[in-house]
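In what follows, chain A forms one complex with chain B and a second complex with chain C.
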Partner chain A sequence: MSSSVAEHPAASDDFSIVGKSVKELRALGDHRHLSLNDAEWAAVQAHFKLLKREPSLAEIETIAQTWSEHCKHKIFTSPIRYTEGRKTRTIKNLFQETIVAATEALQKPWCLSVFEDNAGVISFGKKWALAFKAETHNPPSALEPYGGAATGVGGVVRDILGCGLGAKPVLNTDVFCFGRPDYKGFLPEGAHHPVRTLRGVVAGVRDYGNRMGIPTAGGGIWFDDDYRLNPLVFCGTVGLLPQWAVKKEVKPGDLIVAAGGRTGRDGLHGATFSSAVLGADAPSSAVQIGHAIIEKRVLDALLRARDRRLYRSVTDCGAGGFSSAVGELAARCGARVRLEAAPLKVSDLESWEIWLSESQERMVLAVPAKNLKALEAVFAAEGCETAVIGEFTRTGRLEVLHHANAVVDLDMKFLHKGLPRIEREAVWNAPSATKPSGGADKKLSQALKEAVGHLNVCSREWVIRQYDHEVQGGTVIKPLQGVRHDGPGDACVIWPHTATGDMDDFSGFSVAHGLNPEYGRFDPYWMALACVDEALRNLTCVGADPSRAALLDNFCWASPEDPKQLGALVRAAEGCRDAAKGFAAPFISGKDSLYNQSKDEKGRELPIPGTLLISAIATIPDTRKALTMDFKGPGNALYLIGRTNDEMGGSLYHRLLGRAGGEVPKVCPVTALDGFKSLHAAILKGLVLSAHDLSDGGLAVAATEMGFSGEFGCLVDLDEMPRDPRIYSNETLLFSESPSRILIEIKPEDEGSFLRHFGKAAKAAAVRRIGQTTANPIFKVVGLDGSTILEESLRELKEGWQKTLPAMLA
Partner chain B sequence: MNHPKVLVLRAAGVNCELETAGAFAAVGGKPELVHISELRGGKKRLMDYAVLAIPGGFSYGDDVGAGKVLANQIRHTLTDLRQFVRLGRPVIGICNGFQALVKSGILPHSNACDQTASFTVNDSGRFEARWTHLRLNIQSSCLFFKGLPEMIELPVAHGEGKLVLKSPRHLEDLKKNKSIALQYVTEDGKLLGYPHNPNGSIFNIAGLTNPEGNVLGLMPHPERFVAVQQHPNWTRQTYRKQAIGLEMFRNAVIHAR
Partner chain C sequence: MSVRPLPLLTHLIEVRLRPEFTDAEGAGALMLLQGSGLSSIKETRVCRLYEIKGPLSGNQVQQAAKDLLCDGVTQEFRVLSPSHAPLNGMNFWRVEVWLKPTVTDPVGETVRSAVAEMGLPRPDSVRCALVYRLVGRSTKPQIEKAFSKSLANLLIHRCVVSEAHP
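Moving on to the complex of A and B:
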């Protein structure tokens, strides 16, 4: 710093806090949307008291952003006093003790980078690696569905660009939770109707992903009216990068180069705003404005510069803008930034606004001075702006100047380690087991029609068609499958070799999801296991290797200040740990979004149901062995893998009847994984024609979907199902959602080798022939008493399955 | 063996360049990704290449209209494109590339390079990605179609793919000049509406060629069907077709050799 510069931030920008009362500080924080709590204010106050000066506005904003829930995930890393029943224990760091502990215990050599970078990285063949990340953009999508969702996609794509030295995005996934489109109740001021939210979010994802040239080929939608005020938008991206580009480092003396979009007033306070409860007073400037083509230019330029090794490190400007990006890159050394060098959208930005703006499409690079000219040329050739905004230092301080005025001068240690940890209370009371009660039985044919046409089961074609799911030419198993390309696939398979340039390499990967907040209403622990199980069985169904699966966790929860909510969150996190260990599938990255609750039309707090999204990625040694879920021909044998139990709690069937209680499905990871691995080996041997997982609506819905997608019928005998012998109900066998089950189709001549292959498992009756496919497109079921209990036209069932969503959106 | 040089044009927002280049490389071409700024600056020259490919994407965000800005860039930067076409060198414009060829007056052919057609928003009002059945006009002299069967399948993915003509008489001209290269049809070859005709194009037109047959513009994506596994039904036992898209690129490379 030159001697003409003030030693500490100029008095005019002062933001006086020393000597202020708790109440005054709270008011100050609320006014500026800082989301700092009392303990954090006290730590900040103490720090500046020690320095014998007042902080500047930019400093307070920097601290608030760095310490925000969005950036620090402090709930997950702070101590929790957890009471379950009569036992109380202290959890020092929930994240470390559950998610991280499982990954560390598994020690998979193919995990190249976990929890450190912007995404988790696994190896893909000898030379390549896959980076995977999913994050939410919930409050922005609630305020402005189109822009919020579009920048959600843009943000996660930048995470992938800023992972390692930069990865090429090869797949986007999108999972949404919305209120029901037929919601007819009142909505509080400022809340959009679920139809408007859905239309806006789908359009935002579509326009950003399609323009970037990234296939959107995986995802799902869950409808529940408790999401009507707080819709959830999960955006995921997979990127491909060479293994040499996984590691990055910053050296003192490297130049700080900003690249991409210009900085404007859009997106102020996004980080702190996402850490607060959403209400009508939410600041509109918190939502950023996206421009996909600028990001595409950044992508093109960045990867070219990466391959010429022109920079040493890179990260994206996400929440917190430059403050967060430079702060993270310089955490171990120090940085000096000159804000006047940043290209701006408007000239009247204040210092703190430039520093904190979350304007989109910006990356920050660490560039050795000798490479600057070459780097500038690469970016200029793509029409992409760059600017040197400072340099990395070895001072251990974060120094920000604006026209020679110091606006920030903070100790990196205080900034990154000074956050006070507050112990929170968490309570979990296991619900007492209840017998199912309420709701009148329905005729089987009626129940099946309603199950297939249910909002959470029906066709998503209206959404999927709007996404370019085949750009890059690698989508070899598509989201829509079957004769007429409209059946519901379990997962997509990507063969990313237009990007590697080696078209003779047939390896690929698959991505699938698990999500079921309904189970969480019973027990978040079993919800977590069910989600991991669902994601892994989906992967197995398309031919991916279940023993090479890695997981992402995304928790969306209501306020953790409510001990019951936090208790449920602990329960879900412990479920994640046990699932990861049991399935030997490590977590590699994740995120959480808390405080998802708002005041409803009557002024009561409406929390979302505790929601966990598990995203799983697994490699596929040979994509030419991949599978789809549609029946392939008549006269083939149908085998069911996995045991059916009487666990109808939270099932779609119970919701259709309006029935409460019952047992929530319970997963045995070891047995499940055995089944998945054996099935995978059978698929590699070419013994399986089609496979589809049993989830919402159980066997009835799975068989129906396989039938109408392949345009063949089937005959199923419920008495042949591997099951708990105490089940005497046809309804339970048809609609139970017991996890880990997969329905598969096998040529009659392959049955012998298939059974030999399954060996012991087949003998233990966990794998049984339950029927066969037929030429006539009819779904026929023989009940436990040997009589035909169901005979339905698959054509009509398909019509019902297809019309639900378009009819509600019309 | 001679490997003809293929210029695969890049510009901001073009996003199908890698798979297009990959298709040419797979059939013996020597593709080179060239940014339009390199042509503008004179670093690269169009006439040094044997084949030109304008890939799909959202050039310049499709602001103003799909492919419109790129079309103007082509008019002003690729000034030797007409000469390139006249020499009989193969030119293919796919999706956004087709839109740019139409809006720069290269297709449909007119002596003055006037624009006589354009594109508008799909009848469905939305961007849509789906596989379509197509009938190739085997009476056209389009060099890309040599040896191909009359009925093929390729995917489309666009929001502004509805071809419109300046006046009805232009349709008669197109028919007379055998400039209609391919049409959207049903599986059994009938000209029907949505979803068979995914965008509502006049006369179900999916692509155009010039009377000489060395320029092809089409909305469907042949570069997305260069391996059997890219077809949506390859996992079905009844599926025995070859990857037809690849043959179009092979024809261009063979012609240029």
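Moving on to the complex of A and C:
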């Protein structure tokens, strides 16, 4: 019989907490990178006082990682006393009251699994489902860009493998936020220059995705010097699984089987690291190096075992390692684990290190004993190691033994429900509306050249070409488009039926993103709506159905201990709620990464701008009707969908001019959705030749990109734009970033059908013909007074658009 | 008759591009080093170094290098002595970038399995390093500094800088 934790001196002597002062506990936590706050220490202390024993080191580490920000999202689930202006209210649970509330209100029957598994799941046809998840891997990527980003991809791929009974990854997407590559200032010791971070992150994503044979076909990059110490790396994956495999369950008596990579000393404290501010004392042990080939073996074996229904449940070993994976699977029953059975990389690991290690490429399965031999054979055939490390019980306890010594014996209820909920203060003061001021006007031609060559607009070909976006043979709409395959696409379209084997099914799906932290500097609420709007209009542009779109949220914020930061976070979350309801697009999963701030070269705290990434997925009824954004020929009509307002706050144009103030773009979801739905129907009818969304740089940049991608010019008359009649400025009409607008190209003979199709919207002047395409690749604009105000060679504009990033990296 | 197992030995195999081929990886490394302040370096070539520990004989190591680690068309290899002492070569430098022992080495792990799959004795461990051969006047501290800014992350890497053969 095994000894209890209390009886085992080696396990408990090293970690005495009962009777220790707050200061002593803090020092203990700092020393071991536990990231427990005073209230959490008090709860742990009280628990063990009640048990009349000291905890073991493994128990404290287990509690710390289970209660980490990474695993429990405690800021989003704890009460917040929120003050906005003169009004104060208490938010009991921000996550439930915003993100979850919107999804529950929408009641979409095609949402098969939301917020409960490793990824959100929506239906795809009658037999299949799509699992979608995007994760951040920020601190690891700041410390070691290549390894951090690679394991970010590996981690999110395992989330998809561990969703339901396992999904086959069919698409990777990646979005990054970096400091400017031409940053010339000093950096604190240990920080990498943004160029190095960029190169390493791109290489990491490239190598892991390419080696696993998953197409990386979507994403984006945002540059801002406030990310120079805390780069953001969002890795997303879409997986395909049969609908019968969406649900999973663990039964007491099932064996706990570890499969995949061996356990080593790498990646310790990754979960608790997420609750800490990045500094020079960051633990090097938090860095992992991935092994894509092992994960590919796990993938192949797992899906084969799934189809033979050899296991009942599965999850990945992510942050927290076995402790998190087993703890999650056993949350409703209990588990007994024997650590000596785990395959190790090195033999001198301590018990807590085996239990907590975040070594990559490991999965944990719940396997009925009768299926064990068959399961082992399937994994062995792929050269993939498996080991039975314990069994699920009905005790409601998490029991971990190492060579017959008990190292963990915790009540599941305490572990998962014992986290104290601490009320935090949040403050939001709406910035007073200010008229645009400062900066000097530029010639329109100069402004356009600078806009297309701007870091946040310019070509990403240097990055995209490193990724294999064709592997699996289903990438219908590719990230680079146009006659020379180098134009900026709005979204990718994937036909995943090489995986289902149904070659006569032409349905597919599309994934797009929305991100603009610049708007968040004005108001995070409107930033959230703009991000959702951008993601959905990107989907619409390629032919996806906006009424079948599901969303992921990814909040990356600075320290929520600062009431202003937390207030902004509340604003953004409420924006997400209203956007989801307004667009009838449910959130199905999400993630938050907080404490993204570091001390800069002068020792001052440098927080990142509050950043929200919205990732959207939608099905496409017929991928043969999917669209690219390049002009298709001369003499075609150009229509603009959506009204242009004087919304230059946070715009690219204002940043080019160094101008402050102005109105941040404001979204009206209901009107926007009407326009998106009508456009989608028009695309299905074959009435649209190309479509491109208006985002950074507004109409001027969108028309330029469509022109140089198709190598046709265009003539645009600003007076024809659907707009606020109070606008008298050509610059505003060209560069305003009013949301929900899409520029489309239509054959002249289809104009009548198109206008009849749009009906009321056309009459309400929200859809207007604003010009036409031309054979000569020149972008020509007629201003409000009827004179030509801009006439620029698209070839030259394209050169400027293409050279920015390579020039900076060279 | 029982075969007496070979004692554990450490073998170093260096694999590099034949000199007649353009070394794109080396050119990229040179650009990064020059961008990190090492403007005096005029040429960089990159090779791989495998440290194999285990009961392999000299012939078996040669076989692993020839059939597994080296592409005979574009690459060549040599087996180094673990205590190889490079000659002084004024303007020639050799920088080995190793993953620290506590960091997972996926390439090394794959090579270890692949050696065993060839029917050779399974090595106890294989670690892989990148070797940069630099041509240009510089000093060891300057090289170390430039590498720490560009090609090595000292959080996970160990850099060994030495003067080398021309």
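One rule holds for everything that comes next: the second predicted complex is superposed on the first by the 796 of 810 C-alpha atoms of A that agree within 3 Å, B and C clash if a C-alpha of one lies under 4 Å from a C-alpha of the other, contacts with A are read in each partner's own complex, and residues count from 1 in each chain.
The rule is short, and it goes like this: a residue touches a chain if its C-beta (ideal position, glycine included) is under 8 Å from a C-beta of that chain, and two chains touch if they have at least 3 such contacts.
All figures in this text were calculated on a predicted structure; none of them were measured in a lab.
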Which of chain B and chain C A:Ala381 touches, first, second, both or neither: first
Touching partner for A:Ile293 - first (chain B), second (chain C), both, neither: both
More chain A residues in contact - chain B or chain C: B
Which of chain B and chain C A:Lys345 touches, first, second, both or neither: second
Partner chain in contact with A:His193 - chain B first, chain C second, else both or neither: second
Chain B versus chain C as contact partner of A:Tyr467, first or second or both or neither: first
Chain B versus chain C as contact partner of A:Gly610, first or second or both or neither: neither
Chain A residues contacted in one complex by chain B, in the other by chain C: 291-293, 383
Residue numbers on chain A that touch chain B, as the complex places them: 206-207, 210-213, 291-293, 296-297, 300, 381-383, 465-473, 475-478, 480-481, 483, 485, 495, 498-499, 501, 503, 623-624, 626-628, 630, 632-633, 689-690, 710
Chain A residues within the chain C interface of the complex: 143-147, 190, 192-193, 195-196, 264-266, 284-285, 287-294, 345, 359-360, 383, 810
Residues of chain B defined as touching chain A within the complex: 10, 12-13, 15-16, 18-19, 22, 25-26, 35, 37-38, 56-58, 60-62, 126-131, 155, 157, 221, 223-224, 226-227, 229-230, 232-237
Residue numbers on chain C that touch chain A, as the complex places them: 31, 35, 99, 102-106, 109-110, 113, 149-150, 153, 155-156
